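Take a look at the structures below.
Presented sequentially are two complexes of chain A, the first with chain B as partner and the second with chain C.
What follows is the complex of A and B.
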């Protein structure tokens, strides 16, 4: 009985709660905050300073000069443009293919499970391995050019021509991340009750109408989430261009992360790099806010 | 009618097969390249299938010093790095960062649920941390660890990855802990169990499979990450598998393409197997915090 008494005497009880709160909330939250506050302080200090690692020991405060310089930096805007093109095309193609696949494999048929497991393999590979894969495949003497030769098409210089290099990066991204959209849409598709489809069929809906008025409205919430996560992740693309083209040829595949990486760690202009990184962060946050707005909107339009 | 259905399912099958070809071919090519003889990799015409399978590309990667491809010496052999220390670094960093993240994330998720702490503000904050671009993390972290002379140290990578993994683990676990009926922990506390008892004796055993899934997904994030690892490391004392692959494949090394492919296969295998193991939780893991 004494044990019960100890636990329920008021002082000890609230003391226990306080210890528990410290351990369960205080420690983890404090460690995250520590991991953020100190770097944030450094980050802000650096982006307002000139700090060239090659010849400076201490950062020198220069105010907003870094930000003013960014506006006239054509390489920066080039990388913004490249990122934009790659993200838009890659994510749209991924979504179209992922939707196709999900609709094709939505109903379990013979062998469907195995095919599904096969399809999600690319997503599970390290991105750097995806880059390696396509480095081997897009080789001038590689399998793709050999295949095109059958149709009488001249070898394409995949990684040496600006247009084709950008296309290669997009293809590699599509290859790796279509499965991501596919499995999220598939999960959404399989949560639609079968009775709804049956009822619609009884009412005479079929084929496209069934998709347009039943499947699609119910799929919108998963579709927006898949698109949102994919779009935000795609903006951060780094590994594939880093290995496949190293930003070339002539800066055609130099994406934002790659350019900031180079400016900061190859040329050593830490202050300027930090300023660009902060602009990237602001851009991504705006994108995220926009996407959350769209998700809320689509949830309201969705089926309740 | 029957004819139409047959035509449609044939079309479906063809489209499916095209997709299989698109998704599987690069993997086939990687594995094939890793098993080819050097003369088959660079030779013309292209070798689509090979009977001359060799494991020498893998042997070279692990620092085998004997005869390879029937030759004792070949150009450039001494430049080729051995993959073992990089794999050890990857495993060390992944295991420690994921374990700490699991502990901290589990604590926070439990605390948030038990004491109704934070609410949607905390939730959104954690979610926003998840989308932090690696380059934004890399810039200040590089300067901080440089001033602490902790560049090229495994522990600096472990600490930085916590910033990504703790929010992720918390977000995923909050959802699952919420699904455990409150009555269970209430019953336990009436029986005289304090919050630590509830967490370690009740919540943890109930969440075991999800904990494993969180651990594996965090581990994969650490294993795959290239940018921050590349910035914070300089040699094989701390460099991880992606850095190894990037360095290996970026420079044209002639005959070493087979070994680069072999490295890719070796680095993918643990990820692939663990993903297959947790396939059930993959969707909730990938969308942690966005789908309720």
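What follows is the complex of A and C.
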């Protein structure tokens, strides 16, 4: 009887294990199929198809035609150029400012927490709010021009001149994302053991030499991670140019994401938009791989 | 056994809930309306009236949708067949992009003759509105809902000031006078002179002063406003001789045989129009940044003597608290441009009968007056535009009917968004100084020809 009972519970156990296996593997597998594999398949299908929403209900396979057309699309290359300019300048300025702020505020003890919290506020705001905010600030009759008037400087056509429009987008991005770099660098700075600085001081190192030979080398991992994340994120910039300049004037601030959005939803050319998005995805992946290689992140993180 | 009973009971309950939700879904008529100019308020008001009458059978639910999102939403909804909304408000210039997904209203009416209101009176809509808003490729695809024409707003305290009138006459040799009801519209030369005079001919403001606020921001503002200037040449006797008649589906930017009419290779009218536009822009605060909303800001804040904007902006411009409150009147610009909206049925909808009944109520003769009174919803019916009592209470109303007698229109083409975008990128460079007017216009024309050819027109 006890043998039977044992056999029964053994059978029951293996049955339960099988059910558990089915549930625990099946549900995630189904989720992956639904959430990753099918959308990816659909994305690939669309980018190799003509799918103009204005007159097509089903995509029609056209192979690589969308990609061939992209290479002769002046608006695409214009948007790539704009994205490049905005990303390079915005990220470099954000990095320089973030580093200065981290070095400066890292040493403030009185009221430091409040000041640091205040610096983080721009990053917490939705980019759409930042865009609207700067649209008012950079208006021809806005506060910046009023401020410049005090010093006898003529009003600047911030949003109507290609150079100033790009500058406005960069300023808005710098305002919003410098805190991000600042937080990462501050954390990096705080992780540097104080003993190293003290030892260097004993050896007679001055302020700049302390930074050059102690702080900076130890800050490089945090700095490169901050730069990498920020650069990849900045390439996807959309909200600020969309609200601030709508890509104008004369396409001077039409960034890649904005043009992809227009091609996909405004022109209704889903296939073409998907093809451009895939190029952006490849570009971003290459950028990520390049950054990882440069900073040797895989070794540091033990990914090999 | 007991467990089985509970399982069956649960399944029955779940099925009932599911069925009831499906029944509920079937009894809702979803209406997606642009959330501006009181359009969604009007649609909501009529929905309430409709629900009072037919609420036991169907309920109308109105969802306001922002201008920027509406076209995207429609395109995705129509092409995927997801049927999010049964009725949409459609900008007439989008008809080319979505027209094939809109129900043929003649078919709906012939299928349900009992719902057609014998007093609806289609003749009460101006012919131009019926042609542009309600029809596409010979099909009736909508009912005119909101009229919109570009209108000239001006400061009465400046234009009626005897001192300025005298100074203007001395300087320009003719009267400073804005056309009123029954007068001929302004010419562009007059508009230019007025703008110049109030920019630098007379000091009327303590600080900076501009003769006009002129929209030229990339996108819809540039496309529509340039059409006012080009349309003036396009619809002139010489223009008709050069380009042929205007095809309502192609609008003023195309010749009768569907070529790009402003192409400098065809005639010099396009270049003349662009130069007129750029010249007038010298008297405006940075036109290349002015869209429909930002154009009204310098005018409302008392910095510009005139502005060109949609008639529907009258309530916000003249609101109590505005610096120009009680100091504004409207007049005809030399060549007005037509905007405006229809209401149309999603061809995928299975509630076309109810949709048509709702649209019919929304655009009926009586409702047109009510919506104008209650929500300043710019009317589409002649009876409302010409109503003497309404004209007495609303000083901006008189301009609507005469505007429609001579009005330029945009193309109703599937590639309109591409055309608008390329004009925004290339022609804008004539404003920013990146290209000469000749080069900017030629490049825009070449790009338009390429886009149109690629689309198979």
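In the analysis below, the second predicted complex is superposed on the first by the 263 of 304 C-alpha atoms of A that agree within 3 Å, B and C clash if a C-alpha of one lies under 4 Å from a C-alpha of the other, contacts with A are read in each partner's own complex, and residues count from 1 in each chain.
Operating definition for what follows: a residue touches a chain if its C-beta (ideal position, glycine included) is under 8 Å from a C-beta of that chain, and two chains touch if they have at least 3 such contacts.
In this text the structure is predicted, and so the values were computed from the model without any measurement.
Judged by the touch definition given at the top, the superposed model places A:268 against chain C, while chain B stays out of reach. Considering which of chain B and chain C touches more of chain A, the answer is B. Residue contacts after overlaying the shared chain place A:141 against chain B and chain C alike.
Once the two complexes are laid over each other on the shared chain, residue contacts for A:246 go to chain B and to chain C alike. By the touch criterion defined above, A:206 reaches neither chain B nor chain C. Of the two partner chains placed around the shared chain by superposition, neither chain B nor chain C is touched by A:190. Of the two partner chains, chain C is the only one that A:159 touches; chain B does not reach it. After overlaying the two complexes on the shared chain, residue contacts for A:236 are found with chain B alone; chain C is out of touch. Touch criterion not met for A:14: it reaches neither chain B nor chain C.
Residues 141, 246, 265 of chain A touch chain B in one complex and chain C in the other. Listing the residues of chain C that touch chain A in their complex gives 71-72, 75-76, 78-81, 96-98, 100, 217-219, 285-289, 291, 294, 297-298, 301, 303, 414-415, 417-418, 421-422, 424-426, 428-429, 431-432, 434. The part of chain A that touches chain C in the complex is made up of residues 52-57, 75, 78, 139-141, 157, 159-162, 246-252, 254, 262, 265-268. By the touch rule above, chain B contacts chain A in their complex via residues 12, 15-16, 19-20, 22-27, 29-30, 33, 42, 44-46, 48, 104-105, 107-108, 110-112, 114-115, 117, 128-129, 131-144, 159, 162-163, 166-167, 170, 192, 194-196, 199, 220, 223-224, 226-227, 231, 241-242, 245-246, 249-250, 257, 260-261, 264, 267-268, 271-272, 275-276, 279, 282-283, 286-287, 290-291.
On chain A, the positions that touch chain B within their shared complex are 3-4, 7, 16-17, 20-21, 23-25, 27-29, 31-32, 35-36, 38-40, 42-43, 46, 97, 100-101, 104-105, 115, 117-122, 124-137, 141-143, 146, 175, 178-180, 183-184, 187, 221-222, 225-226, 228-229, 232, 235-236, 238-239, 242-243, 246, 256-257, 260-261, 264-265, 270, 273-274, 277-278, 280-281, 284-285, 288.
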